[in-house]
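Some structures are shown below for you to check.
Shared chain: chain A. Partners: chain B in the first complex, chain C in the second.
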Partner chain A sequence: MSTNFYSSPKNESGRKQKSNLFAVACLLISSLAVVILVTLLATILISGSSWLSWEFLTGVHKEDNPEGSGIGQAVTGSALICLLCAAVAIPIGIGTAIFLEEFQPRNKFLRWLHGLVQLNISNLAGVPSIVYGILGLTTFVYLFNLMPSIQVNKPIPWEIGGIHFYQTKTLGRTFVKFPAGDREETTIKLTQNEMCIDGDGNEFELKLVDKRSDAPKDPELRKGFALRGRSASRLTERSPWYFHLPLGRSLLSAALTLALVILPIVIISSQEAIRAVPRSIREAAFGMGATRWQVVRKTVLPAATPGIMTGAILSMSRAIGEAAPVLAVMGGVLGTTRGIQSLMDQTPVLPVTIYQWAGDENAGFENASSAAIIVLLVVLLIMNSVAILIRNRYEKKLA
Partner chain B sequence: MSSSAASENGGPDYVRPNFPVKSSARSHRNQAIMVTLLTCCALVTLGTTIGIIYMLIKESMGFFASEDIDLWTFLTGTTWSVGRTQGKFEYGVWPLLSGTLRITVIAMALALPLGLVTAIYLSEYAPKGVRAILKPTLEILAGIPTVVLGFFAVKFITPNILSHLGDFKTFNAAAAGIAVGILCIPLVASLAEDALRAVPRTLREGAYGLGSTKLETTLKVIVPAALSGIISAFLLAVARAIGETMVVALAAGSSPTFTADPRVPSQTMTGFIVHTFKSESVVPGTPGYYSIYAVAALLFLITFGITLVGQIVRARYREVYN
Partner chain C sequence: MKSVSVSIPVLILALLPMTGQAQNLSGNINIQGSSTVQPISNKAKELFNGVHPKVNISVGGEGTGNGFKALASGECDISGASRPIKSTELAKVNAAGIKFVEVPVAYDGLTIVVNPKNDFIKSLTVDQLKKIFREDFAAKTWKDVDPSWPSEKISLYIPGSASGTFDYFKEVIGKKDGKTLRSDEQVQDSEDDKMLVTGVKGEKYAMGFFGYSYYDANRNGLRAVPIVNPKSGKAVTPSIETIKSGEYAPFSRPLFVYVNTKSYEKLEVEEYVLYMFDNLPKIVEAAGYVPLPEAVVAAAQDNVDASNTGTHFVDEKGEKRSGALESVFVPENRAGQ
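Take a look at the complex of A and B:
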């Protein structure tokens, strides 16, 4: 092989030609990435852009009606989960990065801990996100099954801020609810008249009839009647501070799970930002007699903030696009009738909505799915641009 | 109150001030509190790992503890029908494992050469203008959510490309493999580019000085010198492809098949897990439910092993130039 280095000048033009050919081939192959990206964006724009409208952005998912469906709840859900996830992952991530970068210990045990944490982070970054999903399911949703929660149709062991009702449909096709006496029962059969509350909060007596024909014909009056033997299901009215343990299939569980998913990325990017702060800054502060923590708080962290912010925003954009862990923790929920009342509620998020709609047999949801993808990509684009802006603005100041 | 605040707290010795300084007892107490808090932060990541391993072992044992389930059948069986309401309960993992392998092989056949060539081009050839287009393109491609790529596979790759090539089903392994390959290209390209760039200039200049062309320098000097970095990039991409979930859940279908045919639907390990969660058909506490953990444990073992090998390759076989 190495004889090529000493080959005679005779075949030099041939070798040069080969080299140039290779350069052209490289260019062509590399531009495939551009072609793929353009095709992908074009496909999605063509099938989804006509679907975008204000109604789509604010609406909710409707079964069998793709035209009327929207992503309002999904956008709210994604935003809430992303904020919660940031509030958990970013402080812990920065803390770990400071621990690893600034507090190089002399103590033997702490030094061992340092090495272990560092090795562990690079391994965690390679764990598939669905495994994190299962971890979230086991840890947050079921709390390692420490409380008897995994048994189906059992009341939640520990909760505050919730009031229980049974809910049923009247012959007038409206929903009424009445206080639940027994927490063990998730559904009951209507056997006697009940004191009910209608949608406006008025109390009245729900009368039971044996046959539909026994009820009055007037739709207004029929709202006070229900069929005997109909079932009513339990419903919990939740105040904003409603909380229960285990966390169940809730948006808090999903946010905590996503926080674990992005934690390694936050840590690695924060470490890089902290490492980029010049030594001289630290040494000047030490020279003033500051303790190590004072040095970190007063000089290193302010200097590293732009870099940390960039990394944090980029990892948030990763969290907002993740579907698998959310699907594992909250299930494939597409919408709730009540909306989000507390952190303990299930909520749809954008990627899961896209996944469910893309796999729907009703072909109309295909377009709704690409419209939702456009919204998601626009959000990601904005987040990435902000990150790049921050990076460019502050990059050169310290160097 | 000491004269050597910095060194006491693990600072470099040479900044020890030799004059009285004013770091008060309070600032030392603050520091002690903060160090404790920071250590707690660092322990979260260790807790995560312990949590993953504990949960996978415990719940998988719940699966194999059942009387009519044994590890051997799980690892060697070739029929998988778990979580179905009717029919027999069979739990041979090979259909899922072969589905994962099939899609990974297709994805790597696409991503490894393309990613490597792109990396070579970016590091050795690309003029500034092309680089200014190619680099952001790769970054955007890397940031595209995987569920979007899955959608792209079902709605574009299968109907517009594969359907002209043969009898491909709506859901097939090939489309999923191509989409997974697409999402691995930026990963391979950026990691391999880092490795190529780390090769010092002197090596290039030496090769040119001997009269090599650019192609010869690249293929015979630079790529071999960066080989450990390139291989570890490849291994990371393989691990990523094996653990990829949303693309295969959308594009590969949901029937576990034990075949090598890329045209038929197949289910991967991750695909099985997601389909189970999506349908919520499996009741917690049943063997079907525990099978999720058994599959996840296998998945974790495989990806963890590959990541670990990648780290070892990078650390041990790295050529150090100075």
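Take a look at the complex of A and C:
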């Protein structure tokens, strides 16, 4: 039977039938996946599309008010975190890939080390993102506990770019602030007149009185007076370059953590791209007397750039969709009242917003969540199409 | 509907500069703790930000136990709690040198829910609940609880052990005998109340429990079981009225916030707490809970005004005080710090 299995015509129709059956089975299985995907997309489109509006795209989260809530802050937050993440992960990733592919050491020990790095990177690519989240928490948020952690009413261990004020309440029930100078206490008592700034940004002298009755009766005038000994509490306004250590639950921590998540992907895809550059190109360059660095810089990198960019964009789209590490590092922030002022602020991002809304007790947020999913999917679709476009365009040139 | 709700805040924003009363208060407030208290803090935040838009308030709800941890580590200004602080937690807070003011904010009725298709449970006694939920009884089927009920497997959806709701329920049905809640394959627990609601909605023979406000927001697909009041012997359904009057016993409980006194020196926290007191009934009702008697609120306000630190629920020997809130929350009982 085995000798003439392939040439025997007597079973031909039966085997064709089997072959056809198998093809049908494959078709069914693959269409099952498509059906599930289409159902999912359809439910999301049905419940979410009517919520998409300019107000939704630009608004902020409002408690108990799904109709009035929006994802403006989440979109900005996601974009900013994604850019920061790219700025960190892509240079390091490409550098590592060049090292691994082009600078293979000859020394036995270094070769072993080289292999170890390679093995680790391949393994890291498969580590679940929540593990990176916990890593980010220890590394960036708490800085391995090398410094005291950030506490609500203690000065931050180390900071730059903060403008310090003390804020206090006047007898006219307005809130004013004055520069802290070199005072460091979290609260002080008012002992002297201070040059203050009011809510409209005007500067004036806040006069102290010993008794309430010493101040003028007119409520407008009372805004210029405060009780002697009344407390004033420290207020830090953040300049755009405000920075502190440990990094705490900030968007910078989240971006660095996401950079860790995508780093193995960037490295591996860049390695693939570099490896795809034909050997002959390198040899030609060497033959012209180029050094190894010149070969990499002038021939390999330009030829590999489209592949590297494709990998980088795909890894970015992974970063923009990750919820777990961001939740672990920054917490489930849904909205901030001031928006982003510095890298040390917290910010909502799209995947976390989707997660939080989907679990909200107010059922209206489920629709809002679907609408946010549509936005996220569109963003991902655009990023992936750009990656494919780059790949197709440059593939032709090389061939 | 949509355009109206969007345009109102825009209108308010547009009017603000005209009034010349732009409030300049800014700063950060970090609130953590019980997911049961979270709706109250969220509501207070929303109203407070309407007056002081520059104050950034973050509200988390990782459970009462985690809230006290955050209070002890100085990570939060205010910690929400669905039960009073325990002596072990008090010791940790004291060891960290942190002082707090204990503020009861509302009553909650812990609500036991079943699927609406479940027609055999008309009411439950505390003893029956023990049979269903306690580790030492751990009834397998409904027939084991009451012979007239169907011989169907019990499936339970309960809050996670880090939540104050879990602790409170455990205390009511297991404290005297030192027993805790069962955790076998018939039990599913989650810190996310929504998971519990989904679980009970989906199964005819399921039962679960959580805070009254959560039940109130998810009445569709759930039925609250009347609980037999051990004193009067009458079965009482949880509602705002029965929780307020104390008829719904033993599952009505007070909810608290614990304010770090050092944080209270910060102007933004002080203003927030004062604002919360001024609007407490409104906030509490909007969040779906039951307002406290005025005497208790006044006593709490006195403590806040004078920064009276310490808890009313742990005595000098570290023993827990229990009883009605009005009788325990009195100045003589304040101790521990």
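The working rule: the second predicted complex is superposed on the first by the 307 of 399 C-alpha atoms of A that agree within 3 Å, B and C clash if a C-alpha of one lies under 4 Å from a C-alpha of the other, contacts with A are read in each partner's own complex, and residues count from 1 in each chain.
What we mean here is this: a residue touches a chain if its C-beta (ideal position, glycine included) is under 8 Å from a C-beta of that chain, and two chains touch if they have at least 3 such contacts.
Remember, it's a predicted structure, so these values are computed and weren't measured experimentally.
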| item | value |
| --- | --- |
| Contacts of A:V300 with chain B and chain C, given as first, second, both or neither | neither |
| Touching partner for A:G321 - first (chain B), second (chain C), both, neither | first |
| Contacts of A:G359 with chain B and chain C, given as first, second, both or neither | both |
| Touched partner set for A:I308, first chain B, second chain C, both or neither | neither |
| Winner by number of chain A residues touched, once chain B and chain C are compared | B |
| Partner chain in contact with A:L171 - chain B first, chain C second, else both or neither | neither |
| Chain B versus chain C as contact partner of A:F286, first or second or both or neither | first |
| Chain B versus chain C as contact partner of A:L377, first or second or both or neither | first |
| Touched partner set for A:G332, first chain B, second chain C, both or neither | both |
| Which superposed partner A:G59 touches (first chain B, second chain C, both, neither) | second |
| Touching both chain B and chain C, residues of chain A | 151-152, 331-332, 359 |
| Chain A contact footprint on chain C (complex, rising order) | 1-2, 5-6, 9, 20-28, 30, 39, 42-43, 45-46, 49, 53-58, 60, 73-77, 192-194, 214, 217-218, 260, 262-263, 265-268, 271, 286 |
| Chain B - residues contacting chain A, complex | 5-6, 9-12, 15, 17, 21-23, 27-28, 30-31, 34-35, 37-46, 48-49, 51-52, 55-56, 59, 114, 117-118, 120-122, 125-126, 130, 133-134, 137-141, 143-152, 154-156, 182, 185-186, 189, 207, 210-216, 218, 220, 236, 239-240, 242-246, 249-250, 270, 273-274, 277-280, 283-285, 292-293, 296, 299-300, 303-304, 306-308, 311 |
| Sites on chain A touched by chain C in the complex | 53, 55, 59, 62-65, 67-68, 149, 151-154, 167-169, 174-177, 186-187, 197-200, 231-235, 237, 331-333, 336-338, 346, 359-362 |
| Residue ranges of chain A touching chain B (in the complex, touch as defined) | 1-2, 4-6, 15-16, 18-19, 22-23, 25-27, 29-34, 36-37, 39-40, 43-44, 47, 91-96, 98-100, 103-106, 110, 113, 116-117, 119-124, 126-135, 138-139, 142, 144, 150-152, 260, 263-264, 267, 283, 286-294, 314, 317-318, 321-324, 327-328, 331-332, 351, 354-356, 358-359, 366, 369-370, 373, 376-377, 380, 384 |
